[in-house]
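The data blocks that follow each hold one structure.
Below are two complexes that have subunit A in common, paired first with subunit B and then with subunit C.
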Partner chain A sequence: MSRDQIIFIIFLFIFATINIFLFGSGSLSADWTGFGTFIAAGITLSLYSFLYKDNPLFKFAENLYVGVAAAYTLTQVWYTVLLADVVNPLSALDSESLSNLWLIVPIFLGLFMLTQLASAKFSWLSRIAFAFVVGLGSGLTIPRTIAAKLLKQVETTMQPIPFDLFGLDLLIILVGVVTVLVYFFYSVEHRVASKIGIWFLMISFGASFGYTIMARLSLLIGRVGFLLEDWLVLPLPLF
Partner chain B sequence: MKEFLLNIDRRIIFIFVALGIIIPALGSFNLPIKPTKNVRSIYDTIEEVAAKNGTILISFDYGPGSFPEVQPMALAVLRHCFKRNVKVVGMCLWPDAVGLAQQAFDTTSKELGAEYGSNYVFLGFKTGFHSLVINMGRDFHGTFPQDLHGNNTTELPVTQNIKGLADFDYVICLAAGNSPDDIWIPYGQERYKFKFGLGCTAVMAPDQFPYLQSGQMNGMMGGLAGAAEYETLVQVPGTATEGMRPQSVVHLIIIAFIILGNVMYFLYGRQKGGVQ
Partner chain C sequence: MLFLRRTLPLIIAFVMGMIGILVYYSPHSGAQALEQEVTMWNRIVFAFALVLGIYSLMRLHWGRVQRQQAGWAYSFLVFVGFVVMLIFAIYNNGQGPLKPQVIDSGPFVWMFDYVQVPADATMFSILAFFIASAAYRTFRARTPEAAILLVSAIIVMIGRVPIGGLISDSVPAFSQWLMAVPNLAATRGILLGVSLAAIATSLRIIFGIERSYLGGGEE
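Our next item is the complex of A and B:
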């Protein structure tokens, strides 16, 4: 038996023993809530077991999550979109709600998309739906993105710079924008401005990396908190 | 020893990180949490909304993967709103946020005696992303004729006077993805000119600062630290405040490892042509 197999069996034994104790002592209630906590703790530990090495428990938990998330999304889309906005309005058609008949158009566009998967003979129909989506998406996205993400940002970067702390902020932003733009201008040899641009880029990467560490730790803290308080039911704080 | 320090097994770092989280989580020492200007700005705006008995929209755009970071923000903001009798409308651009948002509404409404329909309404998930936001701006009742429970939005006290997004006194997006900068700001805030605040995961936070600078949003809670600051403002310490202890300790551990790694690299790594 390999070392990994021994570790795997010891892990399962310890997990089972702890749960028998928790259920036996009444710390975990013998109902669906307690069962849910037991399952959540098992899946959490299985996922973190990847830190040691890739293993079957991790694979099981990973695939289970994907399956559950897909099924949950499907039910949400069915009840709040397809049933509420398509099936119910069409099934309750009467003389006053005849305008709901226009729903047939998006239904057919949606079905046309599926012809890509269903039949090679009719797959050309999907082009109509894709053309609609691309046309609508471009028409909506291009002007809004230019207005919100480019023009507005340029406008605030080009403000008059006052002689105070706010002005210092504006000056740093202005220098940062200009030098980074120079860095990404490849037609001339890079001199001082682009080197300053590299410094700005490095600082922004550092800030992003710091925030990423904070984010990942927050998730770990959340899971550890769940294991200590909800699963092991420890009376915190202990000291 | 030198070789060991130059090539520390990552699992040793994992053990240090694990201890850095578990030991402070078991203890009770407190670290000061000082709310920053960006977080306070959201708090102050909700206070202004409360003064005029207004309504805010909260878009829950996150999933279980970001639950520990964003859910404390949702709880803190809802507690603030219900405490100050601000009417709240909840919605989701992410389908997997529905259960989490419902949980946040249930917890806080029970705590503070908020009533469904007169204090808050939950619309649930609706697909469409940018077209959904545009339609909400034009015709709120047409976009959401019914709430999650099948009540007509034209009849519920919280939503009956809302004609479009501009009728909300404040819109807050609690996000773990691209919904603030790719959906709410270009298609909502820029078009309908409502006040906009953001609570987001720490990973997203650096990319959102330009929108603060441009005034497209007036406040931001970034990550668990942002949530802890808001909990401090509403004076209800929760999981985010608790999380600041291990977070601070582990940050110190990581800084120590970074310094150690760099010292070892400059002392020996470069001489040998790099770390193995």
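Our next item is the complex of A and C:
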């Protein structure tokens, strides 16, 4: 028996023992909530076992998660889009709601998309659906990007600069925006301005990196909190 | 046939693109209603696209199970998770799939609370370890630029935990300033570039210059 197999069996034994104790002592209730906490703890520990190395427990939890998540997404699409926007309006069709018949258009477009599955002979029909989605998406993007991003961002960058600390912040922002844009302008040779732009970019990347680490750590703290508080029912803080 | 396969999609992309632009600038109630209608159509087509995506995922795993490839049992688990969750979704706590979704109780909600949510949060929290490992490699200050990145990240991290405030009141304030001023400047510069690129790409699609979305293969 390999070292990994021994670790695997010891892990399962400890997990089973702890759960028998928790259910036996009444710390975990013998109902669906208690059973759910047991399952959630098992999934959490199985996924964390990847930190040791890729192993069957991790693969088990990972693949189960993929299946559940796919079904969840499909369910949400059914209840929030297909049922609410297609099935219900068409099933309640009467003389006053004849305009709902237009829904046949997106249904056909959707079915065209599914021709990719049917046969190569008809798969070209999916191009019509893709053209609809991509064309409309492009059309909706242009005015919204101009209004909400381009003009708004330029407007807030080019403000009158007062002689105080707020003015200094505005000046730094103006210099930062201009030098970063210079850095991304590849048609001319880069000199001093783009160097300053790189410094601004590095500050931004560092800040984003630190921010992301803190967000992930807060998730980790949440999971550890779940294991200690909800599963093992330990009073926190421990020390 | 070439018209149907190549020209018609380009015409549809052009017409829908122009509708998308024009309805935004038209205050007429008809234009607003048209915008809502086509946006809903878009949502419906997206729903079918998602069905296509999930079918592809399932076909991939079914192929592995059929061929009994290495690790096929894990692919079978994808089906187990999918089918169980789907049965609970169709059951809809006794209401059936044609009634609004029951979101406060039932086996579907149980699966969501005790399988999907913990798995989701754990998967993302694992990234904390990988980011820490990446940070070790990234934060070796070999150049002045890397040193700036290192200092900036450390200040932001320390400023967001209680120990930052214990060191000095100005640490959280400086961290906040770093996010609100230099970080904002760089983000804004990037955003302006991205916006211009998005507009240019959209125009290329509408006018049929960019056609990669039509895929390759037969004309």
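Note that in this section the second predicted complex is superposed on the first by the 232 of 239 C-alpha atoms of A that agree within 3 Å, B and C clash if a C-alpha of one lies under 4 Å from a C-alpha of the other, contacts with A are read in each partner's own complex, and residues count from 1 in each chain.
Simple rule for what comes next: a residue touches a chain if its C-beta (ideal position, glycine included) is under 8 Å from a C-beta of that chain, and two chains touch if they have at least 3 such contacts.
Model, not experiment: these values are computed from the prediction.
Of the two partner chains placed by the overlay, only subunit B lies in contact with A:L234; subunit C stays clear of it. Counting residues of subunit A touched by each partner, subunit B versus subunit C, the larger count belongs to C.
In the superposition on chain A, A:F8 contacts neither subunit B nor subunit C. Touch criterion met: A:L219 reaches subunit B and subunit C at once.
Residue contacts after overlaying the shared chain place A:W124 against subunit C, while subunit B stays out of touching range. In the superposition on chain A, contact of A:Y72 is made with both subunit B and subunit C. Applying the stated contact rule after C-alpha superposition, one finds that A:G176 touches subunit C and leaves subunit B untouched. By the touch criterion defined above, A:Q153 lies against subunit B and subunit C together after alignment on the C-alpha atoms of chain A. After overlaying the two complexes on the shared chain, residue contacts for A:V81 are found with subunit B and with subunit C alike.
In the superposition on chain A, A:Y52 makes contact with subunit B only, not with subunit C.
Counting contacts by the rule stated earlier, residues 51, 69, 72-73, 77, 81, 85, 136, 140-141, 144-145, 149, 153, 173, 204, 207-208, 211-214, 217, 219-220, 222-223 of subunit A appear in both its interface with subunit B and its interface with subunit C. Residues of subunit C that touch subunit A in their complex: 4-5, 8-10, 12-21, 24-25, 37-52, 54-55, 57-58, 71, 74-75, 77-86, 89, 97-98, 100-101, 108, 110-129, 131-132, 135, 138, 145-146, 148-157, 160-161, 177-196, 198-199, 201-203, 205-206, 213-215, 218.
Those residues of subunit B lying in contact with subunit A across their complex are 11, 14, 17-18, 21-22, 25-28, 63-69, 95-96, 98-99, 124-127, 130-131, 134, 146, 148, 181, 185-187, 189-191, 201-203, 205-207, 210, 213-216, 222-225, 239, 242-243, 246-247, 250-251, 254.
Against subunit B, in their complex, subunit A makes its touches with residues 51-52, 69, 72-73, 76-77, 80-81, 84-85, 136, 140-141, 144-145, 147-149, 152-153, 155-156, 173, 204, 207-208, 211-215, 217-225, 228, 234, 236-239.
Taken together, the subunit A residues at the contact with subunit C in this complex read 32, 36-37, 39-40, 43-44, 47-48, 50-51, 59-75, 77-79, 81-83, 85-87, 102-103, 105-107, 109-111, 113-114, 116-117, 124, 127-146, 149-150, 153-154, 157, 169, 172-181, 183-184, 197-214, 216-217, 219-220, 222-223, 226.
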